[in-house]
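Order as written gives the chain letters A, B, C and D; numbering starts at 1 within each chain.
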Amino acid sequence: MMRARMLPDKRRTLADAIALVRDGDTVALGGALSYREPMALVRELVRQERRDLRLVGSAHGIDVDLLVGAGAVAAVEQSYVGFEQDLGLAPAYRRAAELGLIAVRETCCYTLLQQLRAAEYGLPFMPVRGVAGTGILALHPEYGEITCPFTGQRLVAVPALAPDVALIHGLSADRRGNVHLRRPFVLDERFAHASRQLIVTVERLAPADEVAEAGIVLPSFLVDAVVEAPLGAHPTSCYPQYAYDRAHLREWVDAAGSDDGVSDYLARYVTGDGEAAYLDAVGDERLRGLCEWKDSTERWMELASA
Amino acid sequence: MTPVEFTIDEWFCIALARTIRDGEIVFHGFGSPCAQVAMYVAKRTHAPHMVLVEGSTYALDPEPAFIPATSNDWALLRGADHILRFEELFDLAARGQLDRMFLSGAQIDPHGNTNVTAVGGLPRPRVKLGGGGGGCNLSATVRELTLWTTRHRSGRALVADCDFITDLGHRTSLGTRKELGLAGGGPGAMVTELGVFDFPDGRLRLRELFPDVQLDHVLAATGFELDVARDLRAVAPPRAEELAVVRSVDRLGVRRAEFHPRELERRFSRSAHHASCPCCA
Amino acid sequence: MMRARMLPDKRRTLADAIALVRDGDTVALGGALSYREPMALVRELVRQERRDLRLVGSAHGIDVDLLVGAGAVAAVEQSYVGFEQDLGLAPAYRRAAELGLIAVRETCCYTLLQQLRAAEYGLPFMPVRGVAGTGILALHPEYGEITCPFTGQRLVAVPALAPDVALIHGLSADRRGNVHLRRPFVLDERFAHASRQLIVTVERLAPADEVAEAGIVLPSFLVDAVVEAPLGAHPTSCYPQYAYDRAHLREWVDAAGSDDGVSDYLARYVTGDGEAAYLDAVGDERLRGLCEWKDSTERWMELASA
Amino acid sequence: MTPVEFTIDEWFCIALARTIRDGEIVFHGFGSPCAQVAMYVAKRTHAPHMVLVEGSTYALDPEPAFIPATSNDWALLRGADHILRFEELFDLAARGQLDRMFLSGAQIDPHGNTNVTAVGGLPRPRVKLGGGGGGCNLSATVRELTLWTTRHRSGRALVADCDFITDLGHRTSLGTRKELGLAGGGPGAMVTELGVFDFPDGRLRLRELFPDVQLDHVLAATGFELDVARDLRAVAPPRAEELAVVRSVDRLGVRRAEFHPRELERRFSRSAHHASCPCCA
C-alpha cells in the first residue's frame, strides 16, 4: 500500500489536519516570535481541545502562550517564549510556569537544532559544543556525554528529537503538498525533515507550476496534509502578504494576565466557528490594513507602532 | 553655537557600539533593541567593514528604514546582502568564527554569567523570564561577548550569584571556560545605564562612569564587591555622527523600551564644537 | 588587524589567488563530474607546479584526472573519479593508482559530507550510519568508532575535515566576494563553510546589487579571493552560460592514456600563457557553440553528442 | 499486423523499471543510464506516484527532453518540481526514507555486495575503477536495492568474492546487515543482460531468463553456484507503452553505452496485438 505522503492530493480541512495530532504529542511550531507562526493550526488545536502537548521550538510568542493559556500543554521545550522588549513576558506561560502547571524544559536554539539534525540524519545523537556549565544542562537529564574518539575531548551529547508532528504556515502550496516559503526559514526546513508528520497551512493553494516557479522549500514527500488558511499566521506576520498585528498581540498580552482574561479571549476569538469566525472577530478593516505595509515606509511604521 | 542635546538611551547605544571593532562579524540576538541600534551605529561610523548579522532574521548588513519592536520582521531585511539560514549562523559561532555577540540578563554575576531564564531558578521560578534563545551555546563559542543591562540601578541586576545560569561568563561553580572545554573568549565588556565595564582576569571591573552618576551609587547598586579601575574615567560623549545614526535608524525609538521611564529623563548636552562634554567637566 | 576575509576588495589575479595554495595542501574541488568544476584554478595549479596535493571531493572527472596527470597530487580522497559510462575510466588517475604513484583513499559522498559537517559545526567528529562492513572503512585508519550514550549502538565515527583550501567556480560575484551560484550546489556550500580558505572564480564580476538580486549563495565573509575567469569551468559546464564540451573531454581521455599524451595535452592547453592562451587553443568557435545549448533542444542534443 | 521489434538494451531497462513499486522514492546514482531510463519508464507507466530523484542533480521528477551522457547536466533539471540539496538526498537515505536505489558493480557476489572501486583490490589495483560515489553509505540505509550489470556474460562480473566491497549486500565476512547495525533492506532484485534475479534469504537466485539465453550459459557465466527458482520463467516482454517511454526519453541512446557492442545485436519481436512474445513461446 502506498504511504499517505505519496498521495497526489493531500488537501485537507483544518479540522481533518489537526485530527492527525494526538493528546500527548510532541509538537514542533514553525516560524518565530512575531513571524509566520502556525496560528490557524494552533487555534484549531484549542478548538479540538488537545491536551498534554509537548511544544518544541526556538524563540516563540503568542503560539506557545495561547496553547499554554488554553490548557493544551504539559511541557514547553522552547528556547524563548515572550514578546521581546516591546510587550514583555508571555503572561500565560509565565503564570503556568510559576504555578508549576507545566514542565519548563527550556532549551537552546542550537541544542534543539542539533537534536533535530540527529533525527534528520538518522543518528541517535549529536554532540554539541556548548551547554556545559549552564543551568540548561541541568534541566535535561536526557542529555548525555560523549568522548571524542580522536581528540579525547568530552562533549555534551543530545539525543535525536523527531517531533510527532510539525505545524508550519507557508505562502503557497500545490495539492500534492509542495510548499513555497520565503526567508527567514527559521527551523521550518529542519522540522519538516526531522518530524514524523508535517501539517502545513498556506495563504493560498496554487497550481503546481506556479509553486515550483516561486520556489519549493518543502517538497511534497515530506508533507502529510496541506490546508488553505488565508491569514493563517495572524496575528503574526506572513510577508509579503501581511505585517504582524501588534495591537492584537497587545490585546492578547493584556488578556492573558489572568485566567478570566484568557477565557474571554478564547471565547471571543478562538472557540467559535473556525477560522472564518476568527477573522470576522478581528475585523476586515484591521486585516486589510496589515496588508498595506508595502504602500510606504510611513504606513509600515504606522503599523509597526499600532 | 547651539549645544548638542542627547539622552541616556542614545548615549547608551553609542557606548555599546564602541565595543565593536572594525572587521568583526557581530550578532545581537533577538529582543535587544539597544544592541541592535548599537550595531548600526558601529557599522556606519568606526566599523564599516564589520558584518552585521540581524538578531532573528540573520540578514547580513541590511539597511532598514526603521527598526521595528520585533526582531523577526521583514523591515530588517531591506537592502540585506544575504539572509543566513538559522543553522549557518549557529554553525559559524560553533566553529569560532562569530566575533562578537551582545547578551543581556535579568541577573548578571561578577564573572559575566547571565540569567534570562528564571528569577528564583527552576523548577519553581519566582518570575519566569522569556528564556535564552541561542545564548546558552553562543556564549560558549563566540570570540568575545558584550554584555549589557539597563537595570543596574534597580540593585537586582548585578548579583553575586545568578539564580540560574543561562549564558556563560568566564567561570561557573563547575569551573573555568577552559575547564568546561569552551572555546569562546567570554565577556570582554559590559555597558549599564550607570557606566562601562571590562573583565580583566575574567572579573567585572568598572572602567567609566556616565557623568551624572556617582561611584558610590554604582557600588551600592551592585550586589557584590565591585572592582574599579584606578584610572576611572567618564564615558566619552557621543560624536555628532554617532547620534545621527541612532536617530536616523531608530525612528520609532524602540531602544527606549529597555529603560525605566525615569532613566529616559536623563538629558545631556555638549557644545557642538567641543570634543569634551560640559557635563563631564 | 582586520582579517583578509573582511577586506572590501578581494579581487585577485588567477596567479595571486593560486599563490594561496601551498604544496601538500588538502584541496577541495567544487562542482561534480562534468559540471562547474574549477578548471581555471586547476590549470593554474598546474602552471604554478603545485605538488603533493591531497584532493578531496565527491564524484569528479577531468579536474582530478588532470591534476594527477600533471603530477600535482599525492593523495586522492574522492568518492569517484571518471567519465561515467560515456568516456569511462579516468586514464591518468587509473594509471597513477595502478602504479602506486598516488595514495588512493577513496571515500564515500556521505562520509565526506559528515566530515565536512564536523568541521562546519566546530565538532571534532561526526557519526555515520553506513560504511561498516565495506572496504572503504579499511582504507581509512583515521576513522574510529563511537558508542551512542543513549542507545548503546556502535557507529562509525569520522574525524572533522577542514580542507586547507576550497576551489569553486561560480556564475558571478561582487568585489567583496559575495558569490552567486545556481543549483545543483553539490558540496560547494559545505566546502565553503568547512574550509580554511576559499578561492572562487566566476564567469563575471558584477555590481553588488546585481549579485544580491541574483542570489548570494556564498557570503563574502567566507571568501579569501575572487577571480574573474570567464569560461573558467571549461570543459565542464557552467549553466546557464555554457554546456560541457564532450569532445574536449574525449580529447583529454584519449590523450591521458599515456604520459606522452598528457605532456602533449598540457603543452598544448595548460602550460602556456594563462587562461587566455587556453581559450585560444580551444578556439572561439567551439566556445561560442557551447553557449548555444539554449537555442533549441536539437542544438542541445547536438552538443551533448559532440 | 507489423510485429513490434525491440533490442536487449530496451528490454533491460524495462525489466529494471519493473522492480520499482508505485509510491516509492527512487534514486539512480550517477553514471547509470540504464537505471536512469528505467526510472522514467516506471514513472510514466506503472508507478506514477513514485518520486524520481535524478542521480547527480538530485532534481525531483524532471521531464528531460533527452538524457545526456553525463549525470550532472541541466538537461536533467527541465520541468523538475524541485532540486534537493546534496545533503538532503543523503540524509533522506540515512534516516530510512529513501525507498530504492539502483547499484551496479564490476564485481557482484552472491550476497549482493558490489565492487566499483578496484579489480584486484587496494592498495595495488589491477584495474582502478571509478569509485562508489555515495553507494557505500546509501547501500547501508536505503530500504531496498535493485542491482544491475550488463556484463554478466563476461564471466568476470558475478564472482564468489569481490576483490573489494564498495557497496553492501546482505552480508560480508564481517557479518550480516543486522550484525553490522545497518538499517536498510539490502538488494531485492538484480537484472543482468541474461536474466532477472531475486535474493531469497539474502542470496542471489535466478528468477527469469531472457528468451535467447540458455540456463547453462548463465550458470557457466556465474562465478559461484547459482540458485535457480523452481518456476524459472521467461522475462515478460515489453509492453508498447514501456518501449515508447524508453525511446522518447532516451533519444540519444545513452543506455547503449553500458552494453558490449555484440549485445546490442540482440533483437526481439512480438506481434503488436499479443500479450505473449513469439520468441519466448
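To be clear about the criterion, contacts are C-beta pairs under 8 Å (C-beta built on N, C-alpha and C of every residue); 3 or more make two chains touch, one makes a residue touch a chain.
Since this is a predicted model, take the numbers as computed values, not measurements.
*Asks:* Express in whole angstrom the distance between the two chain centres, defined as the mean CA positions of subunit A and subunit C.
*Replies:* Using C-alpha averages as centres, the distance is 40 Å.
*Asks:* As a quick test, compute the distance in whole Å between the mean CA positions of subunit B and subunit D.
*Replies:* That pair's centroid distance is 60 Å.
*Asks:* So the centre of each chain is just the mean of its C-alpha atoms; given that, what is the distance between subunit C and subunit D in Å?
*Replies:* Going by mean C-alpha positions, subunit C sits 29 Å from subunit D.
*Asks:* Two-or-more-chain contact residues of subunit B, please, as numbers and ranges.
*Replies:* In subunit B, the residues touching two or more other chains are 94, 141, 183.
*Asks:* Could you tell me which residues belong to subunit A and also touch two or more other chains?
*Replies:* Where subunit A meets two or more other chains at a single residue, that happens at 121-123, 129, 153, 155.
*Asks:* Testing understanding: with touching defined as stated, what is the shape of the graph linking the protein chains, line, ring, star, complete or other?
*Replies:* Other.
*Asks:* Name the touching chain pairs, would you?
*Replies:* Pairs satisfying the touch definition: A-B, A-C, A-D, B-C, C-D.
*Asks:* Please name which positions on subunit C make contact with subunit B in the complex.
*Replies:* 2-3, 6-8, 119-123, 178, 193, 208, 212, 216, 219-221
*Asks:* In their complex, what parts of subunit D are in touch with subunit C?
*Replies:* Contacts found on subunit D: 30-33, 56-59, 65-66, 68-75, 77, 83, 85-87, 90, 93-94, 115, 117-118, 121-141, 164-168, 172, 174-175, 177, 180-183, 251-252, 254, 257-258.
*Asks:* Enumerate the contact residues on subunit D facing subunit A in the complex.
*Replies:* The contact residues of subunit D facing subunit A are 22-25, 49-51, 60, 80-82, 84, 88, 91-92, 94-97, 141, 183.
*Asks:* Given the complex with subunit B, which residues does subunit A contribute to the contact?
*Replies:* Its residues touching subunit B are 31-35, 58-59, 78-82, 84-87, 89-90, 93-94, 97-98, 100, 103-104, 106, 108-111, 113, 117, 128-136, 139, 153-155, 183-187, 189-190, 237, 239-240, 243-244, 246, 293, 297, 300-301, 304-305.
*Asks:* Mind listing the subunit C positions that touch subunit A in their complex?
*Replies:* 121-125, 127, 129, 142, 144-146, 148-151, 153, 155, 157, 159
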